[in-house]
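Before anything else, here is the set of structures, which you'll find just below.
In the two assemblies presented below, chain A is common to both, partnered first by chain B and then by chain C.
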Partner chain A sequence: MTSDGIPAAFLIDSRVRDRVLSVVLAGTADMDARAPLQTFLRALHTQACGLGVQEVAVDFRNVEFMNSSCFKGFVDWLSEVQRAGTERHYQIRFLSNPALTWQRRSLQALRCFAMDAIRIEH
Partner chain B sequence: MLVERSNSSPVAARPASELRLSTPARRPASSMTPSPPPPRAAVRRWPSLGTKLVLVTTLVLMLGSALLFVELTRREREQLSRGKATAANMVADLMAISLWAPLDFEDHEAARTDLQNLRANPDIVSAGLWSWKADDRVAFWARDGTDSARMPGRDAEGPPELGETSLQVTRLVKTPDARPLGRLSIVFSLDAERAAYEASRRRLFWICFAMAAGSAIVLLGVARRTIISPVRAMAAAAQQLEDGHGEVRVDVRSGDEIGQLAHAFNTMGMAVVERQQRFQDELDIATRIQTCILPRDLRIVGLEIAAAMRTASEVGGDYYDVLATPKGGWLAIGDVSGHGLNAGLMMLMLQSGVAALVRQDPEASPTDVTTTLNRVVYDNVRARLGKDDHATLCLFRWAGEGKMVFAGGHEDVLICRARGGACEVVETEGAWVGSMPDVSGCMPEGSLQLDPGDVMLLYTDGLTEAPDAHGQLFGHDRLCRAFEEVRDAGVSEIRDHLLARVRAWAAEDRDDMTVVVVRRAATAAAASALAS
Partner chain C sequence: MSGAHVPRIDLEFAPDVAQISLVRTLVARIYQSSGAEMADRLGLAVHELLENALKYAAEGLTHLSIEGGQGPGGDHIQVRVTNRSTTEHMSAACRLVDELAAAPDAQVIYQRVMRRNAGRLEGSGLGLARISAEGDMALDYQVDGDRLSVTARARTGEFV
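Right, the complex of A and B next:
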């Protein structure tokens, strides 16, 4: 475990640059990663609105595997984004590794939450 | 538990009594891709309670014994010194009285004789007499022959001077009318007292040591019987409880705090066992829901179907269904994101919803069915149950003539063509069911064509995400290769081969595994035989 309580096998890094909040994920997101990831994602919408960013970019390219329980955190975040409606001021971009079929499938399912606001880059 | 179904054999659906059962391996709570349980927090077992008690008790008793030893030896030394001083004072007083006359008459020879008489006392090592007027020495002797006489001062009369090895007593020799005539000094040896003191000190040391050791043994014996053993018994019982050894009791009969703790532990243990049993009952119910609701009749005109679901220790929420309709049939496969009873309930909702909607309109569009089903499931799970589970789900409608229409979001579909070639991959890109209130617009309808003899494979992520001992997943490519290896075999053989390959790969059964193998009948005669 790191000092943030995140398992060493899974890393979350975020930074803001040019009004883009970049979230870089790496490693294996299994049950050990669920709680810290959910905590991070719960605060993500508020942080993004507070920082006034135009885009939140979530980089999955170095995530080898993510289980469905971890995806629940993204479902909750995107549900909050969807509820915000016009109050939302940022776009969402998922960076995906096309070699990993689970990313293509799962990110496509997540995109259904806001087809106009979410785009997937390979 | 492994539930296998097939319609490719003369007995299309096996009765419940023939369901092949296997002992489910333990696995952590999870849904589609569980992870191993976190390791137990390392508990430092040293120093143990007994060791701590031994150390503390020994330290305290040693400290107490040392203090007692010091005090007793100090008193012994004082007592010996006091006795010696009393005897020395008596000798000095008598000698001072006997010497005043010789000194008064200046009969120094008589005085020397009197002083020499002290040699008879073996405790006296030296004696000296000095005149008052001239301060000259009248008489002196020393047992060792040395002339180390030190003349006392004129005011030297006082308590004996206690040295390390000797005791010196000084007296003024006076006439009865108190006129000073001389000064007397007698030095007594303390060898006998020192020997007695050393012997006494050794005796006291061993007495204190024996008391400390005896007390420590008794105290530790009592502590072991009344504290350490019961606590160890409770720790062992707690471990047994953790290992799932059913009801565990600690036999402690004392009425003190340890007894009360043991009683509380026993009560808690019974409560834990009851809760475990209730939880297990719930899981059993959920497992029964998941497995008993599976279709027993896999017959759809024109298709050979074999399916199997291997459940892990907790219900992972895998789902598949086969529904025959007058003009074809429906296939469904899905996986609930949660686990346990909630996953079982959601799986039941999916099954019931699909069955109702398909029976209502057997020719419905898979997109319409999944969209309507999503509304029901979303409302039930989010609004009524207050849960946040969702499910991957893909519905296939067999329209006959090789056409399969589908909608939903689940694992890719794999197809091995009868004509040969590599395993084909068909993507399913719909939304997850139950994750959002309305998925219309996110459930694109796709279609695929199965030629006679083509085999379609539906599966859950329990296969592709099964990890080996090093954490490497079985993966999509290995599944394709394994599928290609048996592409020409019967659907039951394909099913068994795939499950066997994954089981051989996987280090543990972490998640449910579901396989549905579908082959379009090669000939009309075969299709007719299957239908009958």
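Right, the complex of A and C next:
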């Protein structure tokens, strides 16, 4: 949220270092963020496999809110990861902000969805 | 919670994407007096229900009400969103609310809905299940002609 109360725009940044693909998200993930986030997440699995990373770290700490359409993008990504089975060579780490209580519930739901692939760091 | 004043909101407007986030933030701030968790849960319900209205309403005008109440289950705060809708959307929404309400465990049905809708291209189909499981809120609906009201009710003082 900006100082004048306007929801912050949604930002996605990613980089690879030491076989870790780090994704940093920030802002409000609402209906306007759905398409760019889905496009990004659809390419993420291919990119992670292609680069041979050991871990994909997704930093949610500055995500103020995420709607169900954007949340669904993660469900789709995790489904793809699960389908890959032994072809998948990376673990997933979510970084959450304990002050944003929705993150605890939403990220835990994603962890239940793909228990063997995800760990959550506060 | 009993006897404590619960703020009341009654708003009729034609929401756009930015306004929905603003209303969610406003609701979360107003209901901080009921605790940060409750404020977040109400904010989640408001956001998801208003986005459903924006996506599926037959016309833009949407009515949002939030109020406290008492019932056999104890004190609660309820969010209700009402809008005109198509028969197709009303049927789909009512079926899902019935399914969620009948499920003995909100988390189990949430995971089932997530798996069922993974890969689905049109809409997430997760908003109502998310309110039920993540928001720990009971869902209900009313149909009056072409008007659909969806209510999410949070019991106060029990969330873990």
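Everything that follows uses one rule, which is that the second predicted complex is superposed on the first by the 114 of 122 C-alpha atoms of A that agree within 3 Å, B and C clash if a C-alpha of one lies under 4 Å from a C-alpha of the other, contacts with A are read in each partner's own complex, and residues count from 1 in each chain.
FYI, a residue touches a chain if its C-beta (ideal position, glycine included) is under 8 Å from a C-beta of that chain, and two chains touch if they have at least 3 such contacts.
All of these numbers come straight from a predicted model, not from anything done at the bench.
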Which superposed partner A:Thr28 touches (first chain B, second chain C, both, neither): both
Chain B versus chain C as contact partner of A:Arg105, first or second or both or neither: both
Partner chain in contact with A:Ser96 - chain B first, chain C second, else both or neither: neither
Chain B versus chain C as contact partner of A:Phe113, first or second or both or neither: both
On chain A, the residue positions that both chain B and chain C contact, one per complex: 28, 30-32, 65, 67-69, 71-72, 75-76, 79, 101-102, 105, 109, 112-113
In the complex, chain A residues that touch chain B: 28, 30-32, 65, 67-69, 71-72, 75-76, 79, 82, 101-102, 104-105, 108-109, 112-113, 115
Residues of chain C touching chain A in the complex: 17-18, 20-22, 24-25, 36-37, 40, 43-44, 47-48, 51, 54-55, 107, 110-111, 114-115, 117-120, 123-127, 130, 133-135
Chain A-touching residues of chain B, taken from the complex the two chains share: 28-35, 38, 335, 337-338, 388-390, 392, 409-412, 425, 427-432, 435-436, 439, 441-442, 461, 464-465, 471, 473, 476
Contact set on chain A toward chain C in their complex: 1, 5-7, 28, 30-32, 65, 67-69, 71-72, 75-76, 78-79, 100-102, 105-106, 109, 112-113
